[in-house]
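Scrolling down, you'll hit the structures one after another.
Paired with chain B in one complex and with chain C in the other, chain A is shared by the two complexes that follow.
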Partner chain A sequence: MEKLKDALDFRDFSRAEQVGFTIFSIFLLLFPWLGAGSFVKAVMIQFLLFSLFGMGWNTVGGYGGQVELGKAQYVGIGAYTVALTMVWWKIPFWVSMPMGILLAVGYSFMIGYPLFRLKGHYFAIATIATSLVLQDIFANWKLVGAAKGIELPIHDHPDFLYMQFKSDTYYYYFIMVLFYVAIFYMNWFRRSKLGYQLRMIKDDEDAAESLGIDTRWCKIKAYSIASAFVAVGGGFMAVYNLYIDPVSVMDLDLSIKIALMAMLGGAGSLWGPTIGAAFLVPLDRFLGSWLGGHGGLIGLDFMIYAMLIMVVSAYQPRGIWGIIEQFRRKGS
Partner chain B sequence: MALIDALLQGILMGLLFALVALGLNIIFGVMNIVNFAHGEFLMIGMYTTYWTSLLLDIDPLFTLPVAALVGVLLGIASYYSLIRYLLRGPAIAQLFGTFGLMLFLRYLAQFLFGIDYRIIQKGLLIGKSLSIGPFIFDWTKLAAGILSLFAFAFVYYFLNKTKTGKALQATSINKEAASYMGIKTDKMNAIAWAIGGGTVGIAGGLLANFYYIYPTIGILFVMIAFACVALGGFGSIKGVFFAGLLVGILEMVFPVFGSLVNSDFLGPHFKFTIVYLAYFIIVVFRPQGLFGWKN
Partner chain C sequence: MAFLEISNIVKNFGGLVANNNVSFQIEQGEIIGLIGPNGAGKTTLFNCIVGYYKPDSGKVIFKEKDITGLRPFDTNRAGIGRTFQVMTVTTGMSVIENVMVGAFCRTDDRHTAQSEASEVLNFLGLESVKEYHLNELPIAMQRKVGLARTLATKPELLMLDEVASGLNRTETDELVLLLRRLNAEKGVTLILIEHIMEMVMSVSHRVIVLDYGEKIAEGLPGEIVKNEDVIKAYLGEKYAKSH
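The block that comes next holds the complex of A and B.
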């Protein structure tokens, strides 16, 4: 109960942030009734999904300062668990998604334990390596469809158990609920003991260690929380897209996008990942579809992306949220 | 027999891997930055060789100086336009900065040249092979191995025998102390990037003779280079040479074992997986590598 109260407590934010968040929430709630086209709806779903991913990344990457570039492997675990159990044994989504979370968390403990012996660059590269290994395995493993991927069976009529709906609106509300669960959880997390410990580790790991914080164990815990978040998103991707393959749910590009959105928005702040996703997902989508219409311009969207990353990391490593705070401090 | 053949082929590939990893390791040693864009430098070296040989109608082997020059310029340009600014920020920004550079170069190549796989079809050595006893070597791979060895030896000589090379080593051992001795850190950093770009440019030019050329090839080779650097020890030049050989052999010998067992999980398509796995295991259990001194 206490925890729940903490999670819903936004009082320590500034007035502007509270008002902004309220307006944003009203907008999210009413969005399906604003008469947006199916393309815009799909973009919104993507936006919420990537906010969810980004918030997961933010635990270990933002608050803990451990640059993690292998999140896609957990998207993959979540998505494959849901898809495979549905194809093989007709297990409903509501059972298979928790299974996916459990698997992802278990796996994250397994590789997190050796991984967190490493720091900085070594850690970042090692997370890429583990993700690539898993992708290679799935891309060659015939039992799970290898590189062809898996198609989920489509039901004739909408089925809540299997999360199959005719209209995107249902998917939209479902991911919106997940998004809010994530926001509330993160709001609690940032003031939890683990949250403070992680920030301490980010600032000065030796000092944290000397205060008796088991830094490795803290990082592993945060890493498994991040993995759980991402696996939920992965499970959603499977039922929403009805088709998954190693490239769409496990590729390095996906890991990069997840880390990038959190970083661009502002790593280590509650709103950061959402702001980052609000910038990058529409940019990605609209640019992608616009350039798709002008065939032959493939890659231009990613070039703009890449330039953004370079400029942000060179001038304001704390991201868009850092820029906003900078202005606010000047103003007051 | 197949095993010895794989061993020899692996050594040739390994020499090339060592050259690719060399530049990465010099940059890491001198300024403690991991260059994610290193594989993209290689890719640009490959395209340079491809286009100069195609458009100017010269043999791909003679385009190596062009590839080296492009690599050097690319290294220097990246340093002065981006890396210098990243140095002021936290480590996370440095990581993302070179990551951004990697994406930028990759998609620039995709934008300019498309996603097609290209291959150089005309050349002095292409399609020819040398047979010694039961072993058959492609001349292109033989040349790549031998020329990589020469390039590596040249850089090794430069680092150990010239004044600039020694200054570079001094900077990598202790930046502050070196700068008190009048060694300009900024200049050393730029030189490190120039050497890094140049060597990997040559490696790209050599690789282009026998390998597919496509925009996303970088990640594969940067991971191989990371594995070599981790194995050899971050900052160790000698180490990276032997590590390159070892990775080359591993990558060639593994599929031979794989072909003995009929399984989904052992086969030629996993030859790079084993390299990633090797990286993971090495950095976890022996972070300083085989010859490393920097931790």
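The block that comes next holds the complex of A and C.
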């Protein structure tokens, strides 16, 4: 109860933030009725999905400062769990999704345990490696469709149990609800014991240990929370796209985008991942369609992202939101 | 059984013996000064006690429990708080948030942590800077915040690594008063590392002296200032400095 109250309590934000968030929420609610075309709708869905991913990443990556570049493996676990159980056993989304979360959390504890023996760059590289290994396994594993991937059976009628709808609007509202669950959760999280402890770990790990914080265990907990968030998004991707393969749900590209959006928007702030997604998802879509017509420029998007990562980490590690806060601190 | 018992602690860094067979005992409620010239091994000894370093050999017994080699968070939960000689200057959290992290060591509730943090800040006279970030404060004040957040973990044994350095005369006197109050009112046992003799001599019930990693003396402040070996250790340092 207390937690729910904290989750819904935005009073410690500035007036401007409260107003901004309210206007943004009204916009989100009304968006499907504003007459946007299917391309824009798809971009909006993508935006909310990546905001969700980014908020998950933000727990361990933003608040905890552990730059993690392997979130795609959890997108994959969520997506494959939903897709495979549906294809094999006709298990409804509402059952398979929690299964996906459980698997992701279980797996995250398993690899989080050795992973968080590492620090800094070693840690970042190891997260990439674990994700690549899992992707490789799935790309060669016949039972799960190998590199060809899996198509989900398409139902003739809209089916809430299996989350199949004719109109994107339903998917839009579904991902919007997930987005708000994430926002409220993170609003509680940022003021929770774990949230404070992670921030201390990010600031000064030795000091954190001296204050009774089991730093490794805290990171593992946050990592598994992040993994749960991301697995939910993966499950959504499966029912929304109706087709998944190791590239679409487990690629390094995806991991990097998730981290980059949160970092660009503002690692360790509530709004950061959403702001980052608002910039990068449209850019990504634009680059994607533009580069599609210019075969010779494949890979340019990656270079742009790599440069963004370098610029953000060199000049403003706390991203766009960090810049805004800096101005505010100076002003007051 | 002593409150804290350290026996035969040895810690090497490569060929350098930073702690050589150091042993002593402390009773609950004491204020102990740990002194010695720069590089004598004082900070290393702290690190061996609270678990940042694993001693090569020797034992640390705290409240009849062998805590040798436990990780720092475990020794903290067991009741040992320590501050750092060099505070990492951080930008991510305000002063009160820093102290709340300390308070979270003993509670899961945010509101409890917040009110306990405020209490500690009041006790240390830091309430006026509670919204500042560490990088916005002078170094002496940063160290005080370090003390505040450690205090918030409610240690029974508090180990302070040169908290007084950088303080002027009045600030040092205030700190001495505060430490005495902490000891008298809250029953906290204290070990102070200080480089400055005068301050340690005035607060400590007992003084332990390290030089080149070895314990060269232990006794009442009055005895220590007259001790030949101690005088030599300190004179030696002054001599080295002037050349």
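In this section, the second predicted complex is superposed on the first by the 309 of 332 C-alpha atoms of A that agree within 3 Å, B and C clash if a C-alpha of one lies under 4 Å from a C-alpha of the other, contacts with A are read in each partner's own complex, and residues count from 1 in each chain.
Criterion: a contact is a pair of C-beta atoms (placed from the backbone, for glycine too) under 8 Å apart; a residue touches a chain by one contact, two chains touch by 3 or more.
Here the structure is a predicted model, which means the values were calculated and not measured.
Contacts of A:306 after superposition: chain B is touched, whereas chain C is not reached. When the two complexes are overlaid on their common chain A, residue A:9 makes contact with neither chain B nor chain C. Shared-chain residue A:129: touches chain B; no touch with chain C. When both complexes are overlaid on chain A, the residue A:159 reaches neither chain B nor chain C. Contacts of A:209 after superposition on the shared chain: chain C is touched, whereas chain B is not.
The partner of chain A that touches more of its residues, comparing chain B with chain C, is B. Shared-chain residue A:267: touches chain B; no touch with chain C. For the contact definition in use here, the chain B contact set and the chain C contact set of chain A share no residue. Listing the residues of chain A that touch chain B in their complex gives 65, 67, 69, 114-115, 117-118, 120-122, 124-126, 128-130, 132-133, 136-137, 140-143, 252, 256, 259-260, 263, 267, 296-300, 302-303, 305-310, 312-315, 317.
Within the complex formed with chain C, the residues of chain A that make contact are 6, 191-193, 196-197, 199-200, 202-204, 206-215, 268.
Taken together, the chain B residues at the contact with chain A in this complex read 34, 82, 85-86, 89-97, 99-104, 106-111, 114-115, 215, 219, 223, 226, 230, 264-265, 267, 269-270, 272-273, 276-277, 279-280, 283-284, 287.
If you check the complex, the residues on chain C that touch chain A are 50, 52, 71-74, 76-77, 81-84, 87-88, 90-93, 97-98, 100-102, 104-106, 108, 110, 113, 146, 149-150, 152-153.
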